[in-house]
Amino acid sequence: MMLSRTADQLFWMARQMERAENLARLLDVSLAVSLLPASRAGTDISAPLALTGTLEAYQTRHGQISASDVLAFMSYDLGNPSSIVSCFKSARDNAHAVRGKITAEMWMSINSTWLEARELAAAGCGYQTFFDWVKERSHLFRGATHGTCQRTDAFSFIRLGTFIERADNTARLLDVKSQLLGDSDSADYYAWSALLRAVGAFEAYHALYRDAPSGRRVAELLLLRPDMPRSLRACFDETYKWLSRIEGDNGRAAKRLAAELRAAQAYTSVDEVFETGLHDYLDKMLADITRLGALVQQAYLEAA
Amino acid sequence: MHALTLPEPGHHDEMLLSSGAVRSHYQHFANWLQAQPPEMLARKREEANQLFHRVGITFAVYGDDSGAERLIPFDTIPRVIPAAEWRQLEAGLAQRVRALNAFLDDIYHDHQIIKAGRIPAEQVFANAQYQPLMQGISLPDGIWAHITGVDLIRHADGSYYVLEDNLRVPSGVSYMLENRKMMMRLFPELFARHAIAPVDHYPTLLLATLRQASRQENPTVVVLTPGQHNSAYFEHAFLAQQMGVELVEGRDLFVRDDHVYMRTTAGHKRIDVIYRRIDDAFLDPLAFRPDSMLGVPGLMHAYRQGNVVLTNAIGTGVADDKSIYPYVPEMIRFYLGEEPILHNVETFQCRNPSELDHVLANLDKLVVKEVHGAGGYGMLVGPAASRAEIEDFRARLLATPANYIAQPTLCLSSCPTFVESGIAPRHIDLRPFVLSSGRETTMVAGGLTRVALKEGSLVVNSSQGGGTKDTWVLED
Amino acid sequence: MRLSIRHVTHYHYAEPALRSAQLLRLTPADDPYQTVRHWQLDLPAAATSGIDGYGNRYHLMMLEGTHDTIRLLASGEVETQERTPCALPGVLDIRVFLRHTALTAASAAITELAHACAGKGTLLEQLGRKVLEAMPYTPGATQVHTPADQALALGAGVCQDHTQVFITACRILGLPARYVSGYLLNENEEHAASHAWAEVWLDHAWHGFDVSNARAPDAHHLKLACGLDYLDACPVRGVRLGGGQEVHTTRADVQLIEN
């Protein structure tokens, strides 16, 4: 049993940290792709804006799409609530409010991440270096959490936040790519490689398939494989696991949906995904993830 | 060797006699101090600073949204109180707080002390701190102030005086606890050679007091904070954690069917005792300030029904108002039939024309305070004030005399303190924390010693450059 | 007189409110000048009741779950008598009513107005006339949270403002004074039927004075609640979470059943 607000703040602390990391991964790839011939770069660099729903805010602020403006807007701009520094600030504010419920090491990791991010942003740190640093800080926070946090409901809500956020990000990322590349089983080597790098799965892909990336295999890897920590399948396994550990029967609806998602993902084949069409399939997934987030929110986090 | 600067003449120094000789209860400490290399002590002070920062014993600064927090400076030379002196203080504090609680229960019920003509009715009833919504409410064991902070100073005559009582939401106890922890960590050998009364059981005593405050068998206790932007948030979180109870904000609580509940991941849980660190005016937007976002709508209703206990009670501020302060010795005589053990500071009430005349004629010698002011603001220290400041206060006094009281300038005692130039005397006060329940009036030995770090300054408030020291009560 | 009252309060929110809490002082009590024959509240949710520190009866109503409208209906019949000065001090010490509050804070202008009374009639009549001259009855010029000194500076107001300036002036003169909310049977319909007036402790009794109508309250007046100011005595006080813009309408119909 814990205060709903505390659970809410732990959940969002974890989500914001995860979001910052995913954003860094996405921007990292966008940066790499933007260095490719111009024809492809223009569409790709706006992907982060589309993904975070900030295209309009960006245009009001900067007008034309340009790689450097997009990177600045999504990395360092505190006026953009979806930027990496804003995610860190929000994670830190949530952590501050539950300081008594997290370990000193978790607090110190998250607090110094925010303080340093501010300094890096002010100093105009190079993007490549910044994205690597962001990923490292996220790993550090995850490590501190894993290594010191007591396995109570608090830990479950932190993990739940992490995996709901990650599922959402993976699905979005795949969806944007699939739209850019069309629904066909495209063999655009650069684009799929970039996506694999973004989710840290480049090595795993090659170890598994020993072949140039194709849309079908990338989709299989990121949707259905239980051993890929950023795949939808893995995320659903985890959300089910942590949700089922939470005490009380407030969350029956959320637990039921989590179980359904997990089972569906475990017994779906890649052929079925492509029969439905990758985009339609991901659309449904995104809607389900949003619904799961809302059910968790209703059951535990907000005022009953 | 450390050069100890001699105390200012006309002040009592806690460690040194005016000749420079060390008082007997400080002898052990002084010997130890002289044996320590200055570099080592400097290193320890730096270590203390870093530790405080890392743990986060800081207070938030209003209006700074960068997330910056300031450390309250900590001085490593303790304030030492001999056992016999503390026994006297303890008896005096318990007596005073018992009388204050009796007074509160009386003025919200039968008004005996007013009917007996010992306190003018207007002083109480027309006081903005008297809470009409509390009239006639019976609280368990008649306890209104469960936690009281009493500010004491030691005058040049060597006696302690009560400067003011704090019966609303007194703060600072977390510093008392953390200061002790820090001293034990930095200088364990000192604790081996002195018999020092422990303080670390305060959270246990506090929890027992809060549980006692309820008529319930096994009450659920929470700490209610205005939130993380409050300057004392650290203390709220600290006490909740030490007592093992939930730290809640107003939005975590709600009223249903005459009871207060908190929202948890496992459903609603009923609350019996709220240790609130929010001022009266913000507790319930339906009863007090309608714009309060910090409170719980309907709380006053559940409270009036007797279904939840607030510590401290609503309306205790009337007893620590500066216009009521002069009457505390009278309360002790009236309710307890005893002579006050602790001295009050002589106080002139400017609402009385004769006393106002005296104050106006002696503005350069007196301290003038606003009746409802707090935190060292809105006050004139005559001997240190400029001509213009004095004239400004004269005008204010003539415009609204009832808003002011005046007191002689007190010579706060000093205690050797580390400063830029070495070790020098700085002025200090003492805030013990007194806990009241139906069973007993109790306190841990000592309290929070605050020190004015500016040379010659008498203002010890942390918001105005004050620091803190560990407070040792020696055991026999 | 036998009066029938029907008082509807209606809130409508632009967006759904998540929760709301209402404190209702909508139930008159029996006193020497009024006898409640029957009375009922029709509310959208269950409410608990209590008596506050001033002796007012109130109901506390919590609405949980989203809603975009609240309708409160108070109705009943009450027998009223001519009001005369009342020697019952009430549950609180009289001197409590010497206090200033945020809505009734003393100011130089109110002090001046308080001391300027020298003319025909009783003190209350003179003071009432001064207030009404300084701020003629003007609906819409002030808000519910406008303090007395601001309303006086505007030179306009409704019964709430008249009463608050009036009681502030009385307190400046050392007279305990309180704010009364209630209903008024209106023959000319000029003023809203939901009403406010003052009571001042003079010569060991509460003397009522209806500033807006420049006369002492009588059998046309029905009392709901009293307090130090509007906030203490107003018929409905609420807070909510969410809801956005609010449209608030209130209508009180008071009818004479028999003389």
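For the reader, a short list of remarks on this structure follows.
Each chain carries a letter (A, B and C) given by its place in the written order, and its residues are counted from 1.
In this text, contacts are C-beta pairs under 8 Å (C-beta built on N, C-alpha and C of every residue); 3 or more make two chains touch, one makes a residue touch a chain.
According to UniProt, the chain labels map to these proteins: B = Circularly permuted type 2 ATP-grasp protein; C = Transglutaminase family protein.
None of these values were measured; they are calculated from a predicted model.
Greatest centre-to-centre distance from chain A is found for C, with centres as Cα means. Chain B has the Cα centre that lies closest to the mean of all protein Cα atoms in view. As a whole-number value, the distance joining the C-alpha centres of chain A and chain C reads 57 Å. Put simply, the C-alpha centre of chain A and that of chain B have 48 angstrom between them. Chain B and chain C, compared by their mean Cα positions, are separated by 40 Å. In chain A, 303 are the positions where the chain touches two or more neighbouring chains simultaneously.
Contact with two or more other chains is made by residues 254 of chain B. Annotation for chain C: residues touching 2 or more other chains are 19.
The touching residues of chain C, when paired with chain B in their complex, are 19, 21, 23, 48, 50, 52-54, 58, 60, 62, 64, 91-96, 98-100, 145, 228, 231, 237-239. Considering their complex, residues 1-5, 7, 92-93, 96-97, 99-100, 104, 107-108, 114-115, 153, 157, 246-248, 250, 300-301, 303-304 of chain A touch chain B.
The residues of chain B lying in touch with chain A in their complex are 54-56, 67, 227-228, 237-238, 240-241, 246-249, 251-252, 254, 262-269.
Here chain B touches chain C in the complex through residues 111, 121-122, 124-128, 130-136, 254-258, 285-287, 290, 297-298, 301, 304-305, going by the rule given at the top.
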